[in-house]
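Each in structure tokens, the structures are laid out below.
In the two assemblies presented below, chain A is common to both, partnered first by chain B and then by chain C.
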Partner chain A sequence: MYQYDTHDQAMVDARVAEFTDQVTRRLDGTLSEEQFRPLRLKNGLYLQLHAYMLRVAVPYGTLNSRQMRVLGNIADTYDRGYGHFTTRQNIQYNWIKLSDTPAILADLAGVGMHAIQTSGNCIRNTTADHFAGAAADEVADPRPYAELLRQWSTFHPEFDYLPRKFKVAIIGSETDRAAMKLHDIGIQVVKNAAGEEGLRIHVGGGMGRTPMIAPVIREWLSPLQMVSYLEACLRVYNRYGRRDNKYKARIKILVHEIGADEYRRQVEDEFAHILTLGLEPPAAELDRIKAQFADPAFDPAAPDAIDRSDPDFALWVDQNVHAHKASGYGIVTISLKPVGGIPGDASADQIRLMADLARDYSFDELRVTHAQNIVLPHVRKADLYAVWQQLDAAGLATPNLDLIGDIIACPGLDYCSLANARSIPLAQKISQRFADVERQRDLGELKLKISGCINACGHHHAGHIGVLGVDRKGVENYQLLFGGSEGADTSIGSIIGPGFSEDGIVDAIERATGVYLARREAGERFLDTWRRIGNAPFKDAIYG
Partner chain B sequence: MSAERFKILTGNDLLTGDVTWWTGSNWSRHVNDAAALGEDAATIIAVEEAARRVVSAYVIDATRDAEGVRPAHIKDRVRAVGPTVRLDLSLRADDPAATTWIA
Partner chain C sequence: MAETLIRLRDDAASTAPVVAFADLSEAGNTAAVRLSPGDDARALLPLLDQLTLIEVEFPAYTDGRGYSAASILREYGYTGELRAVGDVLVDQISHYRRVGFDAFAPNQPITREAVDKAIATWPEVYQRTVDGRAPIWAARHG
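This part shows the complex of A and B:
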């Protein structure tokens, strides 16, 4: 894992001191709210429905156990004993006091963390494949590039006031576990026939009001030119992205309006110019970063066999443990989706337990997934049972990864000031309706995603089943979408018909699963069946 | 009989972020303490924000029924109580009717 050097630490410490002063000046009246608001947002501090909410950046979703423990301690010391892991691989605290914020940021800085650029029209925290550096199917580790992007984008003065916020995702395998094509920039690390690493660059994807899949803008880019090329991509956007209408200000609209070919041409022109300026960090810097992401000392003699005699454990292994690149190891995903629970929420004790498990069993590493779960990336198969027992005792061993119970849900109207409808109670009802894990497994992979408004933090466009909360004359109403995906087969879901009440949509989803069960062919997921037979049979069953 | 409809003022405490309601002379965390506004909302907001007793204050519609003051919009009813999914943390922690009141 990357360790802060003195420059990184000095920057974060300076920011804590600066914000501490700004909070003091706000509290003594030197700064008005109008003056202070953009400053607090620069530090991830929002005012939500019930209190201040602090969003803490988890760089490309990667944490060590000390960092995770501090996240748990913050939940206890300054919040109400829990935190919420988000689809941006971050964590949010819902009950923060303004006066506590400097102390929280200082605690975070003590373990190389911060809340910088988790809000505002800047380059946000880069997200990445949560199995990076561990997955058996990985072509190359995307984390060194994600770290370089973090360094490049942090406090980048030219891109501090873009037309809109800007999100970058990076993956290093064909399996897209980061919804890469649904980001402003999506990067895939690839290898050519000679085994050299290159970057495939997608630009202009996104969800929100106008969902779009990012086209490929460059098939192959030398990693030693990544910063210059992204600088060019952002520069063209900063120059021509619309500032007159916030709903048309994301880069996807620019790329769509001028066309991918014209956007590419302009980027290439700018790129050629930037190359003459020598902005690219030296290759030695990328090498320095790469060295920090070297594999941990895997035991080549680690046994491959797993004792599956405990059926509950075996079920969890089948569902929540993925193939690791090192023999004798597995990737554990800890589901934060217990039956009837709040997707993404974890108590302070649970957060600290996960930190302990990472320290004891996973080379001190954890990941936050965009599906609001936590990963222990490197667990010896021989240790899986011990890990499972501790997770199970803490209510963290729900065997439902990628099943209908593994629901993504944004905070919705229970917390979010932009919401139209509540997301979480709906997720709870669906998860209770499908509580039987064998029933879930029979339904197979089924990604259900819920957003409380069109901003799509719950990725509803990318759900095999998506739900969008709307406000119908002051009453919560839910639209149902089918056919979205965020994997290698990325697609945008479409609304099936008129909306539903909260109970009505749970019934509609159940009827849709009935159609799938009746019509599926061998090996088909819900999404595959829907793609093959289309909307009509589902509509008939739902609206009758 | 249609419920009496009137305007009330709400915001958040600057220091704690707590949701607060204007009582006519001060701020309360309880929506039932909210007082009907006269014409002077803009002045109250200006004075109270300048005094740093409130932040992001705004005027909403409300009605009064047997249970007390009821904000017209669901968003403000959620604010008045707390998250429906964590009623244990809300102002009506022991009240099973709280969710019905909100929705």
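This part shows the complex of A and C:
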């Protein structure tokens, strides 16, 4: 994976020095909270309901064991012993003291990490397929492009005060594991008949109040023009994106209002101009980055067989281990969704254990997924049992990946100052209702996503079952959506009817699964059955 | 001492009356113009030779359209004074400088020392912009 050189390190160190100075001025009263607010937000420091929250960037969700270990140590030293992995492949700490933040950023900088641009109306951390470089179905590795984008977007002077925040996701296979089309810009690395890599560019997707699937703005872009093209995409948005209404300020509204064709035309005009400026890093830079993402030294003789004699282990392998491109290896997903747990939370000890396992069994690599789980991307099949035993002993071997218990949930009203309703207790209740893993497996792939407000951090629009928490006359109320998907078949879910209380929605979800079990045809997921038979049978069963 | 106009240029400041962009057509051979955030900087391209001062207005520091306006003007060869006017804060100065501003007229006065310190914030830069600084990728590959 990518290693900082002295240039990258100098930039992060400069940021720590700058923010340390700003915090000092805030603590001694030179800066008011009003003056300090935009500065702390540039460093991912939010003032939430109860305390400061610090959001640390995990660029394209990729970490080494030293970095992961530091994340665990920060949870112990400066927080309450745990961290929260987010739907944007980042980690958040919910109980931070302002006076500790310079020390935390210094600890992070020591392992090439930071909180740069994890908030604010700027280009946020680029996300990517969490199986990049490992998946059996990969066409091309998206990580070198994600790294090039990281560098290009870091402290970009023209795009630090955009109309609204801006999120880029990149994938390199037909299976979309990054909800690419639901981002401001979604990039798919593809190959042509000659085997050359190109980029397909989607612009104008998003969730939030107005969910939209990003249309293709360019079918094929040379990778050696990516920076120039994105510069054009962003410039058109910065100049013409709406600034009169915060809720209409994302690029999806611009693309929707002027139309994809007109947006494309404007981008192409700007692109032609920008190509004359020589902004593009040379091919040698992309090659330098690609070399750092070369495959680790896979053992070609690694045995392919797995001893499945322990049934609990076999269950976990079936559910949480994916096909690897190298024979004799598997991709392990560690579920952070134990029954009754808080989705995405991990204790300091668990974080350090995962770091150790990455060091010992996965070529020192980990990934954070947008579904709030952790991946060990390169594990020898012969080592899977040893890995599973250690995970199991730490409460990290829940075999529920992509099942109804693998819930995405935002922090909700327990932490977030924007939320209208709590997400975490609802996720806990649902996972307890469906605690029986055999029942979950019978229900099959079922992506359930909960947001505590319309901003949709819990991706409820993209859930096969989505839940949106709202405030109805001072009482928490939950709306139920069906039919969303974030994969290659991306679709936006729709609200099925009147909302429910917290207990009522758990019952409604259970009744919906009953309709699915009664009506499904062979091989159908919940989503497929819903798409085939429509809303009516579900509504009848739920509202009866 | 805090100042209300800080210029990073050696030439004398323009004394021409500043014409609002909207009034340009009636102003004839004007040498100084002010752009509001919604104005199209490209409409000034035919006039770049006659202009010696372009003010770019920031009614609020959060409105970033002026950064693109400044970049465009410099990219097309404007060499006169480019002045950021309005809610211009010291914490944005380094970015202003990178997109081509060489003068600042902040609502709240700023010291020259603070401006110099802000511009020196970043030892290196990742992007090539109109300020001519060599980006990190150029340093890596000569």
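Quick notes on this one:
The definition used in the following text is that the second predicted complex is superposed on the first by the 544 of 544 C-alpha atoms of A that agree within 3 Å, B and C clash if a C-alpha of one lies under 4 Å from a C-alpha of the other, contacts with A are read in each partner's own complex, and residues count from 1 in each chain.
Assume a contact is a pair of C-beta atoms (placed from the backbone, for glycine too) under 8 Å apart; a residue touches a chain by one contact, two chains touch by 3 or more.
Just so you know, these numbers come straight off a predicted model, no measurement behind them.
Judged by the touch definition given at the top, the superposed model places A:H156 against chain C, while chain B stays out of reach.
In the superposed pair of complexes, A:P296 makes contact with neither chain B nor chain C. By the document's definition of touching, of the two partners only chain C reaches A:M11; chain B does not. Once chain A of one complex is fitted onto chain A of the other, the partner contacts of A:G504 are absent, as it touches neither chain B nor chain C. In the superposition on chain A, A:I424 makes contact with chain B only, while chain C stays out of contact range.
Contacts of A:E285 after superposition: chain C is touched, whereas chain B is not reached. In the superposition on chain A, contact of A:G110 is made with neither chain B nor chain C. Of the two partner chains placed by the overlay, neither chain B nor chain C lies in contact with A:G395. Touching of chain A by both chain B and chain C, each in its own complex, is seen for no residue at all.
Residues 37, 61-65, 67-69, 71, 75, 91-92, 94-96, 98-99, 121-129, 135-137, 139-141 of chain C are the ones that touch chain A when the two sit in their complex. By the touch rule above, chain A contacts chain B in their complex via residues 26-27, 29, 32-33, 47, 49-52, 80, 94-99, 342, 413-415, 417, 419, 422, 424-425, 428, 474-476.
In the complex of the two chains, the chain B residues touching chain A come out as 12, 14-19, 49-50, 52, 55-56, 72-75, 78-79, 82-86, 89, 103.
Within the complex, the chain A residues that touch chain C are 5, 7-8, 10-11, 14, 18, 38-39, 121, 151-152, 154-163, 235, 238-239, 243, 273, 277-279, 281-282, 284-285, 288.
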